[in-house]
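First the structure, which I've put down as structure tokens, then a few questions once you've had a look.
The first chain written gets the first letter, and so on, giving A, B, C and D; residue counts start at 1 in each chain.
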Amino acid sequence: MNPLFGVLGAPLIGAAVLAAIPGYRMSARLNVAASLIAFLASLLLLRERPPSGDLLLVDDLNIVFIVLSTFIGFTTSVFSASYIGHELETGRLTPAYLRFYHAMFQVMMLGMNLALVSNNIGLMWVAVELATLSTVMMVGIYRTHEAIEAAWKYFILGSVGIALALFGTILVYLAAQPVVGAGLAGMAWTGLVAHAAQFDPALLNIAFVFLLLGYGTKVGLAPMHAWLPDAHAEGPTPISAVLSGLLLNVALYALLRFKMLMAACPGAIAPGPLMMGLGLLSLLFAALMLYRRRDIKRMFAYSSIEHMGIIVFAFGIAGPLGNFAGLLQMTMHSLTKSAIFFSVGHVAQVKGTQRIADMGGLTETHPLLGWGLVAGVAAIAGLPPFGVFMSEFLVVSSTFAREPVLALLLVLGLLIAFGALLLRLTSVAFGAPRGPRTGVHASYVPMFAHLALVLIAGIYLPAPLVAWFQHVAALLG
Amino acid sequence: MGGLSLDVANMLAGLLVLASFMMLYQVRLPALLNVLSLHAFILALAIAWQAHLQHAPELYITALIALGFKSVLIPAALRRIVVRLGIHRGIETVTGVGLTMLAGMALVALALEVMLPVTTRADPVTREYIALALSVVLLGLLSMVTRRNAVSQVAGFLSLENGIDLAAAGAQGMPLVVEISIAFSVLIAFLVIGVFLFRIRERFDTVDLQALDQFRGERA
Amino acid sequence: MIGDLLIQGAQMALVLLLAPLFTGVVRKMKARLQRRRGAPVLQPYRDLLRLLGKEVVLADNASWLFRTAPYLIFALTWVAAALVPTFATGLLFSWSGDLIAIIALLGAARFLLALAGMDVGTSFGGIGASREMMIASLAEPAMLMIVISLALLAGSTQLSTIAAFMLSSAVGLRVSLALALIAFIIVALAENARIPVDNPATHLELTMVHEAMVLEYSGRHLAMIELAAALKLLLTVSAIACIFFPFGLAAGPDGLVRYPIGLASYAAKLGVAAVLLGTFETSIAKMRVFRVPGFLGAALMLSLLATLLLYVSRGL
Amino acid sequence: MTLLLLCVAALLALGAAGAARARHPDGTAVVYGGSLALCIIAGLVGLLHLGAAPQTGVLPLGLPWIGARFRIDALAAFFLVVVGLGGGGASLYALGYGRHETVPERVLPFFPPFLAGLILVVIADDAFSFLFAWELMSLASWALVVAHHHDAENTRAGTIYLLLASLSGLALLLALGMLAGPAGNFAFAAIRAAPPSPLGGLVLMLALLGAGSKAGLVPLHAWLPLAHPAAPSHVSALMSGVMTKVAVYAFIRIVFDLLGPPAWWSGVVVLALGGVTAVLGMLYALMQHDLKRLLAYSTVENIGIIFIGLGLAMAFRANGFAAGAALALTAALFHVLNHALFKSLLFFGAGAVLSATGERDTEHLGGLIHRMPRTAFAVLTGCAAIAALPPLNGFVSEWLTFQAILLRPDLPQWGLKVMIPTDGALLALAAALAAACFVRAFGITFLGRPRTAAAALAGEVDRFSLAAMLGMGLLCLLAGLFPGVVIDTLAPLMQALLGARMPAQLGLPWLSIIPVEAARSSYNGWLIFVFIAAATTLTILAIHRFASRAVRRAPAWDCGFPDPRPVTQYTAESFAQPIRRVFGSVVFRAHEVVLMPPPGDTGPARIRRSLRDPIWDALYAPVGHWITRAADVMNVLQFLTIRRYLGFVFIALVALLLVLALWQ
């Protein structure tokens, strides 16, 4: 049986079933089960790879994303199970909303998985839109003024972004059509990349501008980032984790695909400088924005923008080192950031607020959560022994040898961002305890599983993984 | 392909751009929605003409969606919303219509300057369609940026989307156009429902700091 | 070897014996210049003997540091003095420490003295220690800069070598040497608590530095400190004599005849120094404490200038 | 090598054990006992490798295509010895001191990994492992700094510390990245083999920035006086005594090993920074009355002295004068060792005072010599050593530095001609100020009368702490008495790095040391020591035999106005007043105001003094201000309307399209 059925079918069926089932315990478990099946199926993909069709494709590049995506989907569903119960107790959500929530969770997973495995740029666009719509729903699920505003902002900006991306997609088709011919082949990655050399470079250039801005909106690059902080802050925390850990990656994946296309067409402008520019802008902007944040989830959302900036920069610098670093950074960021959100989610539940000023002394009152948060922030700030250190090491050092000025800007951004994170971390994790000290029924497994993976990656990367990343990095050019 | 068919196609696309300009100009909401209706109607005609030219029957479906959904249903729904929210008599305070129009002209010029030189390999109809579609997209975005009202922003977005539909229809033999237009319609439906459900009027678009304090967690 | 050992021993004994005498001579000189008759030149010996015979009155809360410090201070000063050639170079153990080491040994003595001053916990002890360290913080660098400029000239920090170099004809008259000499004299005055930096004969609270530190000492402890102070004065004068006026210094193994010449010239130099010091001290007033930094700062600047000149041109 | 890596692994495991058994009564003993043993092993391994050929090893960790490479050469071995000594001493001390810890679960898990980081930095042989260990060291020590996190000052210290540590890590990353080139040849062996980088000056300045900010070079020292006092005392000792030395190691490794011969102007820069650091560090120290902060500033001073030595070595090396470079570098490394010894000792002493009285502020102490005589003796040794008094070790290294300064007045470059003698003056000034500073520190803390009840009731500390302090004191003495041993031990290192060495010392008669030639200068520590000891003993014996030995206890004389209250004593503030007036009025804009009560009022007059930190004002405050301003300005972007955000997208789109249109 084709494992892709598992990857796509599990969320699809899961969504349908979850929409029908009342009772949150049952549905939370089912949610976990569906996510687990998708994850296992994606692991199967590693062993046997189905042949690519007109619509679906599994190759070296996207399999990285698929496995990562289904894994984080799975761990998030585990976290969500313990998180959401608390929301029900405090009355922030009603059972009906929970039913909706679980169904939407699977729809979102379906959208993201579909976007990753689709071979067709049109289908991918539809899938990304599906994921966007479902996350918009989730962001607004608390129905507070702030949540609705965040959802609306997300929706409008996301829609405009996605519209631009569609225009870009049409232009790509237009460029492909004279060479590849009309029909599905003209929109399939496999066909596009194979013939990219003969495409009209000028048309591709314009297409790339639209795609960069369109999918860049979803990646959260400045100046199209505005939806991201609020969406992270106002939605349920599992969704924040998924947004940072997955959705941004999916959009990034789309960008990377188109970048490969650009790279394959000799006359087209190099996408590198554009990506480096936007990446640096995002990094510096987000770094400064971190300072005035009072909401802990919004702060980490800005940190996601910062990291997306670094990742896009790394892919912009390209070369074997740059691409390797970008892939690694992306993987590590997904794992770390979702781990941070797992911790933050429980913290916010305990304290009854997301205001940083109302938290304090976490390592004393809730040692596991607190130290987990400390480890997470240390990891996200690029300190060893965590994996982000390696990727930032590679990005900075390889940039400095080639573009010293850019590297200095990069380092400046990293330092500024680090300062802000450190300041807030100190006030949250240390000092005299502030806010309620009640215990928490937290599931620590997802958080520490992620941190452990990041830790191991920081110390030891298994050779097959490295070879695979290097291969992908070479593909990316 | 004869000269006439080309002329018709040209005329339809040009009309769409003209409609976009009308939207930029219109300040009264009900009138704006009427123009939107017209905009979608012209789009439906243009797509149908493409379906005829390309012998692509599935494009007729797209044209039908455009006609039924975008030209009739959505404007009607928006009109209801406008009445419900009690803003149908209001005049939008758009500053500098003249300036906006000038900017629109510049955008059309930019769109043509950007698109025409690069589509030399495509056939003439496609060329025109794509270039004018880009104009419509940019104008739609411009009207979103210049409007403060949620309903008129939605209207702006719809016109933007119409431009994309035009481009999709114009791209010869593009697959999945129907699917994409359906997906887009769903998006728009959500948009309208969102406006309706959440009573989104002007409240998020005020520059009054007090209101910001109220609705944004950050400043508390 | 044996001869060297003898010379070394003789010098150590000599400085020990001569130190009180030199102090006595200076005092006599000053008294005469002030038209007083003054105490006999041997009075310092009598003072020391009397102090040695007395019991020690120890403050209630004096610690072991307070009791051992006088002996250590004396020993450190004596060892330093033993390294300075007085009438003959080529001391047996002169290589065990150079000019920098001598300064550091004196510094160690001062370090202990300042600590001892603070031990009992009186306000005067604190005053003395605090001011002493402030003065030292300027005097020591000036001293080291003088050493550096001498060492640059002579290519050595070894006192014997420097003296030998000064004896040779290679020296001539140099700007930097003159600067160094002036600076050396200023530093010497400060180091030995002489007017205008400090007045060894006063117990007026607000002006004293050195005396304030030893206020709590009595009996044999005081004797040791007085002796050490006298030794230090002699040592400084010997060093100036040996570096800047090395005439008659007995050097090398070439016979016993030179030693009497050396001794005689040494005695003469000491006499001249006592006269000059007495005259100088009588003709000048003591400075306020916070004028001292300016005085010593001048020495530091002069010595730095001397060194810089040498770096710029070896001929200056 | 294997043994050493096992040591590191064991230390990391010990950290985990510390986390698990922190609250257990024997947790402290297990962790510190274990780290003591492992430090001894590491130190011994270093000692054995001092003269041996370099040994390398690779683990399949770290950067996958390079692996984690390790190498012990003479330089690494020497610093391993320093780490072993400092770490071992701190562990031994902590066996006793650590029992008073109130939050062992915040100290025990991080202490062994900190040691592991220190060891790893020294033996790392590729850029990645090096920086990995570097940051690990920072992170672990940061956790230790914020261990007592209820005190807001400690957490602030931690923040500033980690920020500057991060700056240093990034600066080194840039330097090493430049050395590794675009192809990413991160192994040190590859860097050595590559031709010298054309941007060597830039690399050198980055290395100076990176290593200097970790070592505490002015003006990058700001974290040091905050972080070192905040940590538990044995950790302060380790940070001051060892970690700053590891930073020196990083500088030497990059500048003397990886980079080719430096340009002469870089020597001027290093010399200038070193001289300024030495003097300013000591002046800062003189203005402090917190014992541990004073010690931290004194660390800054000593780093300055070390960098003077390094700058001299660079200047000589740039002029192809290898023998002189060997002398200067030996002096610097000797001082590295010395400072590790006496600064550890002094921090142990401060910790002992802290645990006995609960006070760090010297104004609340006094008279401890009566209650803690052994501690007082050990600390006095340390004070004398750090004040560069003969015959202790501090004197020897400063003496060697002076010899290096005097060595070559005929260097061709004018910058060096002016800078070297100036540094001589600065060094002398720093040494004299150090003496004043430690008279003050020891005098106010241990001498006089107790100023508070806590000080009056203090008791002697435990055996382990005393053993650690006395052991360090003994080492200070030994290194001062037999400096030839240290110099000869360093000789293979010099030979490897510079291709020249100092003359062999151990064969000389009487075990003197002669840096260049006998006629030039020589010094014999143990002989001077014997002289002093003999003279003292003889004098005491003679006087007690022939004169009086009677003692009578009486109230203090105090010029006839004895006041039993301890407030009449000199305080740390008043002791520093003359120096504050002389130097501080310029450097710190020190200002004193005496508030006299109006006539008839019997209240006391008050003196108020104010100091400004010039470096903070000139460097850190503006940066902070700038970032705050920028953050405030940018923050507006969080509160715009959706329309405005759309406007951004629109502008970006139009701008990019315009660019394309113009470009085509």
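Rule of thumb we're sticking to: contacts are C-beta pairs under 8 Å (C-beta built on N, C-alpha and C of every residue); 3 or more make two chains touch, one makes a residue touch a chain.
Please read all numbers here as calculations on a predicted model, not as lab measurements.
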## Note on the structure
Of C-D and A-B, the pair joined by more C-beta contact pairs is C-D
### Query
Computing the C-alpha centre of each chain, which chain sits at the greatest distance from chain B?
C
### Message
Rounded to a whole Å, what is the gap between the Cα centroids of chain B and chain C?
### Response
98
### Query
What whole-number Å value describes the gap between the mean CA coordinates of chain C and chain D?
35
### Summary
Per the C-alpha means, the centres of chain A and chain B lie apart by a whole-Å value of 30
### Distance between the centres, which are taken as Cα means, of chain D and chain A, whole angstrom
43
### Overlap residues in chain A, where contacts from two or more other chains coincide
152-153, 156, 160, 164, 202, 205-206, 292
### Query
chain D: which residues touch two or more other chains?
638, 642, 646, 649, 653, 657, 660, 664
### Message
Which positions in chain C are in touch with at least two other chains?
### Response
none
### Message
Going by the touch definition at the top, which pairs of chains touch each other?
### Response
A-B, A-D, B-D, C-D
### Message
Under the definition above, what is the set of chain C residues touching chain D in their complex?
### Response
52-61, 63-65, 68, 71-72, 74-76, 78-79, 82, 93, 95-98, 100-101, 104-105, 107-108, 110-111, 114-115, 118-127, 129-131, 133-134, 136-141, 143-145, 148, 151-152, 155-158, 161, 203, 205, 215-216, 219-220, 224, 289-290, 293, 300, 304, 307-308, 310-312, 314
### Query
Tell me, which parts of chain A touch chain B in their complex?
120, 122-123, 125-126, 129-130, 133, 136, 140, 145-146, 148-149, 151-153, 155-156, 159-160, 162-164, 166-167, 170-171, 173-174, 177-178, 181-184, 186-187, 200, 202-203, 205-206, 230, 233-234, 292-295, 298, 354-355
### Task
Could you please specify the touching residues of chain B with respect to chain A in the complex?
114-115, 117-122, 126, 130, 133-134, 137, 141, 144, 153, 157, 160-161, 163-164, 167-168, 171-176, 179-180, 183-184, 186-187, 190-191, 194, 198, 200, 204, 214-218, 220
### Message
Taking the touch rule as given, give the residues of chain B at its contact with chain D in the complex, in rising order.
### Response
107, 110-111, 113-114, 117-118, 138, 141-142, 144-145, 147-148, 153, 204-207, 212, 216, 218-219
### Message
Quick check on the complex: what are the chain D residues that touch chain B?
### Response
638-639, 641-643, 646-647, 649-650, 653-654, 657-658, 660-661, 664
